[in-house]
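Every chain is named by a letter (A, B, C and D) in the order it is written, and numbering of its residues begins at 1.
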């Protein structure tokens, strides 16, 4: 389960022989593949792959792997990346006042299910300080009165803590466009509707007034267009005429938690590859 | 299961004592209630109820029930209706070329699950004639070249066959506004998306290009605003990056069939009450 | 939402006129019913009902309601109970070392979703003391070396803290038969399989070896037959050949949490009526 | 979608270099892989793979592929098979009186979703003759009075029609052990419960009496132990206390149909590999 592994993710123009070339390279060094996934996007004719390799089956380390693989990758025009399971990803969490997603993520972290380091939690409110600090995680309050300054601070904190991924765990603030662009593919949001239905504010109220029979939640990468970034994961739950907006909010919390947890896990495990405004998720 | 029953559906302004008055009226005549459902809509403060009563437990027939109940209903300002299970509803089905919903409905009809009479199936194509006629049901082709004339013909056929409900089983034609208004609450459509996402044409293509992780289907009453009428039933199914548009269409057929069958069943059993642009569904 | 309410639950032999008699009694005192549910069990011919009444619409308090209702209830041979929303139920939680259900319940409690008092959490291990005490809830360790003595202590603690309901939130110990009988209908367990499949020990291992394509969780009342009591709530989640036992355990935690939370909520809101070894759940 | 393809399925003892060897063989002849899936069973340390290759990208036909691949497969101790999409599988269907699965399969067949030839439908009753024959498919009645003789006839018919797969579409008869053994991995059944719960007769009655909150269906390979063969696909649907056995039967029909259709599709597309009493399903 938790053996030392390298995860190699690749995208390149599709053609015959890619899998053979990559797996041939690995086999030539005795590498043992434990998980392998492939996909061709029909519209762009781009090929995507993900391989997990037992680190101890190879005679060299991750850096040497990267050096040797560079030549092969050049021949195929690959965009690629090698992750080392020995180096945990660093996750910075942004929250506001609602704590159901935060509570869920921190529980998964403390029971070892979410294998990341969490250098800090950032919030625009004080409410959740005690809960975060009980975990031994620094809690940093950022004042939102001046939004530009606030996001400059958040960006600086993210850099300073060497964050890999920024999660908006019901942060309820719209990020500036330049912030979204700078961290493209690294900022993950949970939206409390089944997108593209009910983007923007108060989605449960919108759902209630439309009279839908299921509500949903969507985990997606943040882009500079609100609630329109590449979708990683979604789910729905049944509601009926007897449910008030408060009931929808309550049911919604449960799917928000699980959808965010699943989407984030896929991202952390390098299972998500972005293709235009869509994602490939190698589950 | 199939005992002779009356189904009484009521809506009126909410106040104390409505249930007592209605069930008192029934009890006073020895009536045996086998199913009872209630709901108050918080926005309109309107009360909705549905009761199934064993017909043989009452000393009079449906017409006499209606006569006697009229006085009580007047006191409470009730809009109400009494259905008699001895009189099957009459269902007219409109289809185009795709037959998955038709095949499903006719199977449920011939195995006794869908308790209706089907006086005819109307189509703008000849393709499904043989299949419909094998069931002993008349198949009527209507030419769509002149849409106004075509819908005049469809309306006339519906009247002439004494149709109660008109089902668009993937009919793929937009109904004229006046037709929608004349038969408000009596025309049921199956739309191949999880509304309000992807209304209008080619919803599976829209879903594919947005990269959603679930697709859906919606059974709703037809109004003069396209795909915006009161929703009766919806469901979703998981898809992933590996699924082509053809795959979405294939998965979609399965949820279209079951969502339409469930929604139609609720309607036929008088379980659906319309409240503005929403429905109460007493399952 | 949180208005002062009485919840009246009743079961009695079925006959005509029960709803009329009960709602007539309520209406006669001006009582306003906000939710009403009915069911007849066909095998036992027993009738079950649940009504929520606005307390302030009645001219007397809960005790006077009980006094006056006693005569009517006698005529129909009713087993009945009136709960007052002003008196929160008292919930005692038993845990072992796994904390996912506990974490979930305490979060729902501290955000006001689970409207109970929690006088204490009891465990056979020290692991979760700090987490429970952070909530300001007493944590009591009970040694399991002598099981009879341990359960005598647990029973005494439950009584002393005036517990209404005892929840086994992954307690992993089999309760003595006499304990189960004494608290029949008051002890709720979450079992980590879709019962009746995989009762007893290590259900995820059993599921893995059988090669099922979905796994589940079951919330049920504890009886003296292991994992065989009346089922309150269940759910399933899809797994596949790629999932290890550890993966099943991980997926399972998520459904255990939600199934327990839903089942417990139904119980706390007096929505669950026991009928033989089955439950009626008025959602 | 329907391009000419070869599907290569392999199982062998796990070791490093298998993927490289197989994809290297394909690449060396210019073969274009359009879908590739891999799995290692941890208990048996056996490796399983499935590849779809565009037939026209190879310079030889299926038989030549088989000849050339034999040497490589020998080195790795592979059990393997190459299917050619140009040769449709031949499906023989066994039914009794209930027609919901048959109706569903024949609809998928006539709209081109189920890409098989159906040389005949065999039944122990006459009821479904007219429906089957309307499709232009021979309908053969086999008398069950003498079970041994009946299954000898069924086996002979299956051979004579060169059947690849035999589907029990609610056949309701227990197959003799020797029949199960002779056609191991080729006979598919739909059982109307979520196995291993409620194996054997009248599963909906069993489910009703146990008071489960979900019911299910299971598509599995038939072995000589009743309802205990390798599971291909399962699903569940929610029920509640208000549902009678007849309601469970009705809900059940819908999941039986979809579970059988999905499981059968996986089998027909060579997506199912058997590993002991479990299946690997490369969806």
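Here is the rule we go by: contacts are C-beta pairs under 8 Å (C-beta built on N, C-alpha and C of every residue); 3 or more make two chains touch, one makes a residue touch a chain.
Keep in mind that what you see is a predicted model, and the values were worked out from it rather than measured.
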Labels of chains that are neighbours to chain C and to chain D
A, B
Farthest chain from chain B by C-alpha centroid distance is chain A
Quick check: more C-beta contact pairs in A-C or A-D?
A-D
Just curious, how far off is chain D from chain A if you go by their C-alpha centres, in Å?
37
Find every residue in chain A that makes contact with two or more other chains and list them.
35, 244
Which bits of chain A are touching chain C when the two form their complex?
1, 35, 99-100, 103, 107, 111, 113, 130-131, 134, 244, 246, 250, 253-254, 258, 261
Contact footprint of chain D on chain A as seen in their complex
16-17, 19-21, 23-24, 26-28, 30-36, 38, 40, 57
How about chain C: which of its residues touch chain D in the complex?
39, 41-42, 194-198, 210-214, 216, 230-236, 240-242, 244, 275, 277-281, 283
